[in-house]
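As structure tokens, here come the structures.
Okay, so chain A shows up in both of these, paired with chain B first and chain C after.
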Partner chain A sequence: MSLSARRRPAVDEETKRPRWRGVVSPGMAVAIPVLVFLVAVHVYSNELLLVDMAIYIALAQGINIIYGFTGYLPFGYFGFFGVGAYVAGYGIVHLGLSGPLAALLGGLGGVVVGAVMLPLFRLKGAYFALTTLAVGEALYAIVSNPSLTSVTNGPYGLNLAAVYSSGWSFGMAVGLAAISILAVVLIKNSRYGMTLRAIRDDPYSASMAGINVARDRFYAWLIAAAIAGVGGAIYGWAISVFYPQDVFDVTVSVFAIVFALFGGIGTIWGPTLGAAVLYAVYNVVGVSNPQYFQLIYGLVIVLLVLFAPRGLAGIARYLHEHRPFVRSST
Partner chain B sequence: MTVNSQIRTPLLQIADLVTRFGKFRALDGVSVEVGESQAIGLVGPNGSGKTTLVNTVCGLYPSASGSIHFAGTNLTGKRADIIAKAGINRTFQISKPFASLTVRENVEVAAHHARHPRDVDEVLEQTDLASHSRASASNLTAAQQKRLDLARALVMSPRLLFIDELAAGLTPNELQDVAAMLRNLVNDGVSLVVVEHLMGFLEQVVDGVYVLTAGQVIFRGPLRDALADDRVQEVFLGRNDSARS
Partner chain C sequence: MLFEFAVIGGILLGIYYALFAMGLNVVFGAQRIINLAHGDIVVLGGYAAWELYETAHVSPIIAAVVVLPFAIALGFLVHRYLTPRLTRSSDPETLSLILFFGLSQVIEAAASLIFGPNEHSLPTSALPVSSLHLFGESYPGIWWVAVLVSIPMLAVFLWLLYRTPFGLRVRAVMSSASEAATAGIESRLVSGLFFGIGFGLAAAAGTMGIFIFGGIAPTDGVALTITAFAIIVFGSLGNPVGTVIAALIFGVVTQLAQVYAPSWSNLVPYALVILTMLLRPQGLLGRRQRVA
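Up next, the complex of A and B:
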């Protein structure tokens, strides 16, 4: 058999798309945001804003994994974020860990809390969303409790200024964003992603297809929890001094969810774009004029629900499918 | 001749099964046996417990008491995925496709999790869905979605299939095709439990029937005998002694 005879056709038989797009496009979904951050840090002076944006991209992708692929919306996602910040802070202050190691420990903290929350998957829809919110608030109440000051430092927060490193925390934040996007790319293009989408569409029907629904959904939950845990750890490290209300903040959940929905849930690019665009808007308008920001956010959400329920990714797909000059495949 | 008299070693043995919704006993001591390569029908008026029986055996509803044995294994209270991997599968009264997946992906995902998966293309051909393999499952007609339920079950090489009102809404020609397909499954060694209201269709497919009413089996035997049975007629036609006299 000649070499040319063994070569695979350049066009995928199923999708009719060039095969290179199947490899290059997911790769670009990771590479482009990383390159943008690496350039931005040299031309934009507010590095902490870039760290926050990278962390929100990661959190939006975490929401994408648990909500976009399994249909479970966790309002209490900030609980993992806060636990990650505190576990990492504890590792730095009491165990003398370096920032990167502490960040990994923060991710582990998120995973442990996620595992403890497993029974919540008996609930569905709004009941699940609100119960996770209650768990997040409960974690805040425990950590900020003055009577636990000897353990958590109570309402006085943690001071990590001794290990502050702007370069490392920036690099870790961008790395976390890249890993989160990569996780979504791998899930979406794998049998596991197909399994998760089957679970989201109909859990019982998925069970009759031989899927261990509880186990596979739990794995997605733990991945999302780990992302939020590491994100909280890097955030705490980057701002150096934080209090319980800074990291156990429901706004973290709301932002991550809105960013993911705005960009397009269940897609690779959507949450990244959503977080980048809306967090930029928040910093341009929201910090100086919060009343206008809330108005803009409210309008964006209303317009999104009414006209683009699949977010920016849905709009892009619609425009692509309805572009005026489409090359004929024949 | 009764349904049971044909069975030497039952493949599926349901004994005194009780399923409760609160205080209501939707299944009230149901016992059913299905043999290897046997097709039985489950008939009864609406609310008699037919689909509840399927849902309980297939792990959607927990049973309050009783037992379910399949091929010598106790499956009482087991998870649906374990039951599916053990060799029991089903179609749905209201079809449940994975709407975000294509037709082929719907079948592939089941094949991937099956213990003994069949060839996906072969199953798509068998269920007449090969030409729709790249279509989104949500774009299929209701009848095609029911066939997709069947394809997803068949790709897992089941030994016993519950067919829940697969014939509803089909044209007479389609009914003939589906009946032939189900008989072929039986000939290939698959046992069937067919939940159906269309007696003409059942007559072509099943070897015998169980008649349920109010969560209890009131008749088991050949379909022809069931149609002549006083209790069955009373359940279906509302006939009673006072009306006759």
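Up next, the complex of A and C:
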């Protein structure tokens, strides 16, 4: 085979699109949300809302990594979020760390808890989902326990107002969202992403093809755990004062899962758009009438599962493939 | 003395927990689905008892029977209209989990829209007995009332399942829906009814739950679902007798924790789920099989 034959043509044979679009459009998936956030913070006064939205984009992408690429649905995802907030808070209060350093420490906390939960991967489907939920609730019961007030400050929460910094926490939140999207882009377009999907579709066959199923799945899990840990840390830092029930809140898992599902699991843009749209709706409807918002997203979940399990991305693809008056390319 | 109190109280509560968790196991048996709305059905039962008592002075004991047909109908409709699309989808197990989670959110939201987000409770004077003594210890009347409601309901349920033609059909469908269909059993109808019975047991448990759990709020659903899940996986999924045994053990352990380490007692159901899943995923009475 000659060298020139091995050189990749500038046009992808399969999609007939120029190859550069394969590099640039995933880059847009990171750049556009970051730009939107940087502009929005100058236009929109409620910075905390933008911080929360960026964190939820990151969490939805975290769910995307673990559920979209491996098929494991962690209802207890909020456990990492809470641990991240508490570990970071501990670092700030007792070790005198700065906010950004503490956020990284929170991510490390998430990773450690994720590593401890490794044996749960022996379980499948509903068993895994509900056992992680039990772990999250158990973490809450431990952290909020009055008997441990001397260690965790029990039900009285943490006060981080001394290191509050609006610019830094906003920047960290947007950075986390960007890194999470980038992680999904890199995973999706890499051999590792193919490996994960092979494991999801048939772990047995994947292992026969020489894939180290346990190890590769574990890495995805740790990435998702780290994202939630850092997310919780930034959240706690940005709101300054929080109680155990604020960060160990099953709603965090629910939102992340619903946002990701709404946008489209396994896609790059889906979770970003899902989180941005639904979190905006939540702030219009939800803050004053949380029950109405709960009713809406409950119905959204039911309708999505029944009629559009691939989310907005699936609907978009369906519309694209069924365009009227367009000749089929094949 | 404390030890005897905890053990006897634990057994009384355990009998109630058997009724409380049985519905989740029944729904699992009918459709291989973990009903994440189980706790919310329990909460709805509690609200029904509250509403009946506050407006018409209906005793919660009667309410436990009154809610049955409504909850069975609700379960039947859910089974009829929500599950068929699921079984045709790519990943029915996880999607069913998400679907029923959505249902639980809808119920939770509806409950807080109708009854408000605050906790509702009923006075113990709504019950025929305030407290009863046994071996020199006084036990709350509700524990005895819950036992008196739970035992007949569980007995009727087990009789229905193991001693009637309907129960025979249910067990046939549970072991193989397609083979049951070839034997002339209307498996959709049978599993739909059994699914409904699962909802019925949950709602009936809720009418007592409003006392047992010291009041109910719309957001209690998730924790109640995990508790019921802990009991049924501990006793083995799909095994009603296992659920009863697991509920008794769970009741006693919870009461011992209440007495000796009260601040840690709410950790019991979570620890039970985690330990069962790590050490014996097939449960107490389960045959060795891969659930994982």
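In this text, the second predicted complex is superposed on the first by the 313 of 330 C-alpha atoms of A that agree within 3 Å, B and C clash if a C-alpha of one lies under 4 Å from a C-alpha of the other, contacts with A are read in each partner's own complex, and residues count from 1 in each chain.
One rule holds in what follows: a contact is a pair of C-beta atoms (placed from the backbone, for glycine too) under 8 Å apart; a residue touches a chain by one contact, two chains touch by 3 or more.
Computed from a predicted structure; not experimentally measured.
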item: Partner chain(s) touched by A:D246 [first = chain B, second = chain C, both, neither]; value: neither
item: Which superposed partner A:L120 touches (first chain B, second chain C, both, neither); value: second
item: Touching partner for A:A138 - first (chain B), second (chain C), both, neither; value: second
item: Chain B versus chain C as contact partner of A:L73, first or second or both or neither; value: second
item: First (chain B), second (chain C), both or neither touched by A:Y204; value: first
item: Larger contact residue set on chain A - chain B or chain C; value: C
item: Touched partner set for A:M194, first chain B, second chain C, both or neither; value: first
item: Chain A positions touched by chain B in one structure and by chain C in the second; value: none
item: Of chain B, residues touching chain A in the complex; value: 58-60, 79-81, 84-85, 89-90, 92, 96-101, 105-106, 108-110, 112-115, 134, 152-153, 156
item: Chain A partner contacts - residues on chain C that touch it in the complex; value: 34, 82, 85-86, 89-91, 93-99, 101-110, 112-113, 117, 222-223, 226, 229-230, 233, 263-264, 266-267, 269-271, 273-274, 277-278, 281, 291-292
item: For the chain A and chain C complex, residues of the former touching the latter; value: 67, 71, 73, 75, 119-120, 122-127, 129-131, 133-135, 137-138, 141-142, 145-147, 250, 254, 257, 261, 291-292, 294-295, 297-302, 304-307, 309
item: Chain B contact footprint on chain A (complex, rising order); value: 14, 191, 194-195, 197-198, 200-202, 204-213, 266
